[in-house]
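Below: the structure, in structure tokens.
Chain lettering (A, B, C, D and E) follows the sequence in which the chains are written, and residue indices restart at 1 in each chain.
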């Protein structure tokens, strides 16, 4: 008649199912989407993270002297969707499993990732290009590492030179 | 109005209501004479926001329309974008989307029936139902990384694959869930208190259901066998075997039981998906630009039919993105259901349409 | 699978507007979508009754500006109907200003909310609506908010975003240049 | 003079006053703990009700601007005083035989509704529609649960009085049971005992009968507008009321002491008495609450009219026939 | 004595939820945290209360929409002192996804001082519990300060 009585009795026998947290650490699955983690070594300042961020949690500002960019991710605006990490081409942004983000109201605005990313320099002419740290070269520049370190202009010139060389060789051999 | 009639304001911040909504109820003794619904407390202007955000950002934005059906929204939005631009979603991604949808459906339905128990004051049963829901919450956290907003859908596919570690984990959670779900159904079906409190109240006849064009479990409990998954199939639903649940009583009790039966069907669907899922990519890397034009997409969210209309002018933000959520249709039918009920039943009846105000008001 | 819905829609629409006035598209799962264009809002009154008669269910109504930045005048309203699994969208253009549209609540009771919503969001005038009050918008907000607001917010950053970000940058003791407007 | 001192002692220290408060808080703590166990929870520490009271004492008292301030402040005080007086006349088998001349069932009939009246006054004074709704619900339910109470009182009185007529004095009822065994085991009185056990959740507003203070419906009804120390007084009132109704049921059904005589026996008897209260609490409040939800007002009302009252009347009729 | 009381009082934090236009996510998680056996906040002395006048710790979620603002402020003022505010989710702090919507106020801090912030979208129940524990710390500190200033 009372189907719930059975469950109640079972509850009494089985004992509490309460997690020990907060007296013991809580179980966190490795897939958990916690706060974003930023590796400045891998960032190429492409801005795709900012482009896909619906919450406007990411800002990039060029420094006055043009030597780099200030990268900011404000955790109190981030909605933990992980789109930035999904679209980041170099894996500079990842979602950690850290959810211990509780803080007091006084720290409201300081709860952020702040990092200065210097621009890279063209190996030939020294013009400012996207950052070229070793981590980035290893990740996306391995096809032609030398050319990867050039600015678009020098890169173009180098390609043209190569093409010219290729075209030129047979011409010299057949006078 | 007689002198015994007085106005009882319910809400907007009322404990029985999960969300801010407002009724002015004319009460005579304990009987409701008329109900005036006032809406707009959760209106965040999301359609205007959607017109300012680009197509990528809108995936996340639509997910935040409502966290109880937070997979249906981005999924239907992506379907609209894909319909417009002709992107073909890989087969595996279609399966993954269905799995995410059904996982959310189970959790959402369990939450609703749990709240129903809570509203009858049966807190032990509420806790029991919510404990069962925790199995699904754990599954969501383990597979997708968040307990509410899965972040699974993107334009052209899905983000997280179900691999050798998460697949068996999900299956294990389902095995854990199934017997408990069946037992819970028995409790809700037979418990005398639940029956006394919920049978015969909040009645919606077949005709009234047609007239108000209600959707989802509310419609199905009144005998309108409309399920988008069958009527206008999307993703891989045509390849899946499941039954559309219907009932004819159209009261609060039958709606709750119908939701539990649907949850059981969902378990079945997920298991089939895990079995049948083909290998392959889960999304397409290169997305073509979205052409100008218009497209619609529909899906069956936990609360009923969800509809998206997208209009593009070829820029990277939509010209117009409009969505119609199930509660939007069911809400007006409350006028019929609440007529002449008791004050004690208001919350129960409102809860029986599984209202999602944040969906409705956007 | 939804042949019947298609046929009855085709019949009802061509009865009023003549043959060929409905165009069809379909998705990968073979679901069909019908599209009807009306150039006069009055013809809505002639197409609503036959649709109601064949048991169409009004799903929702979408109003939109012909251009979201308001560079081109005029509005459109799309009425989305469901016929046993087939979606038929009837679009109406409203070129005149102020835009006016007749209410279809006599045939579709659930049009009530939809119509009130577009009336408040776009300032479209409703004719013969039984209950033309505001639906969602707070009294403090102007009517036709979507018409006015979108052009304003074409600047990517709204007011509250910049204030909040200034506070975030201020808290970090960064060099002076970071505190300017977003300049990347 | 000694009479007055004795009465003062009874009201302020034992068995009313401090003792009742302490026992009530202990019972409340146990109730919450056991309820938690039935719901697979750990539950709060046993002394949590004490902490709650201390916390409420440190809080601000807000008085709604529309409320009648005098009545608003008076209501909890009235309720607590009334219930403490009631607790003072409760006899404890083998420990305390009650204040002379006060332990009468008729007087109890007047004293028992005082806490409910306090709540009603509170609901009326706070001038909120929910308070008013709670007020009317409390009143309606009170009529319903007082009926079986009166009927079972009469049944007990007739049974105890036997051929000599009816006896309404609590000490006399206890004496009868000391000689003839507890009424709980008297087959004639079994229906009335059941009615009395069902009366407890009714008057305490728990389980099926959590109607006047139903949280999702009327947001704790009369208590909605109370905060701080005044709310604490209401909480104290409700724990003492719990003690009173449990002790009353124990006195009517099974007051027999564990051991006879004084000295250390008194302490043993006191412990025995507390055990009986606990068992009754578990049955009629805790488990009842864990296994059920709340009825609608009309359903709650008809529950008492249809089931509880007839039970008590059956006993009354049987007692009449058998005397 | 007062010192002693201020140690004991925060061991009974009663919780009240305010939904200031949230998307349900945080709200559902708050209900889950507050009411179900797995997290059982009652063992920490918490009780979930229906009336703001009984509350000590207020959990706020949502970006504070225009329509709900006055009502939220009214309810907030009905909570007796000392009270501690916890923002659950990022919406009350920054508006999250909804920032810059025409009917969203975003900076709740402007109207209601936020004492503790629990970032997340929505935060998991354990994080909400951490937030409540942090709020209890804030409350205790406040009680001790208040008592010091009285004497």
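Keep in mind that, in the parts below, a contact is a pair of C-beta atoms (placed from the backbone, for glycine too) under 8 Å apart; a residue touches a chain by one contact, two chains touch by 3 or more.
What you see is a predicted model, and the numbers here were worked out from it, not measured in a lab.
> Upon omission of subunit D, how do the remaining chains partition into touching groups?
one piece
> Let me check something: if the centre of a chain is the mean of its CA atoms, which chain is farthest from subunit A?
When every chain centre is compared against subunit A, the largest gap points to D.
> Of the chain pairs A-E and A-D, which one is connected by the greater count of C-beta contacts?
Higher contact count goes to A-E.
> Measuring between Cα centroids, which chain is at the maximum distance from subunit C?
D
> Counting only Cα atoms for the centres, state how far subunit B is from subunit E in Å.
Distance between chain centres, rounded to whole Å: 27 Å.
> Between subunit A and subunit C, tell me the centre distance in angstrom, where each centre is the average of that chain's C-alpha atoms.
37
> How big is the gap, in whole Å, between where the Cα atoms of subunit B centre and where those of subunit C centre?
23
> Give me the residue numbers in subunit E that touch at least two other chains, ranges are fine.
If we look for residues of subunit E contacting two or more partner chains, we find 37-38, 40, 43, 50, 65, 67, 94-97, 99-100, 102-103, 121, 124.
> Going by the contact rule already set, what residues in subunit D reach two or more other chains?
Correct list: 36, 38-43, 215-216, 219, 290-291.
> Specify, in ascending order, the residues of subunit A that touch 2 or more different other chains.
2, 4, 8, 16-18, 32, 54-56, 74, 77, 79-81
> For the complex, give me every residue of subunit E touching subunit D.
Contacts found on subunit E: 5-6, 8-12, 14, 37, 40, 42-43, 45, 47, 49-51, 53-54, 56, 78, 80-82, 143.
> Using the touch rule from the top, collect the residues of subunit B that touch subunit C in their complex.
39-40, 43, 45, 47-48, 51-52, 83, 88, 211-213, 231-235, 238, 294-298, 305, 307, 309, 311, 313, 319-320, 322, 324, 328-329, 331-332, 361-362
> Name, in rising order, each residue of subunit D that touches subunit A in their complex.
Residues of subunit D touching subunit A: 36-43, 287, 290-291.
> Please output the residues of subunit A touching subunit D within their complex, sorted ascending.
2, 4-5, 8, 11-12, 14-18
> For the complex, give me every residue of subunit D touching subunit E.
Subunit D reaches subunit E through residues 32, 36, 39-45, 48, 51-52, 54-55, 57-62, 215-216, 219-220, 223-228, 231.
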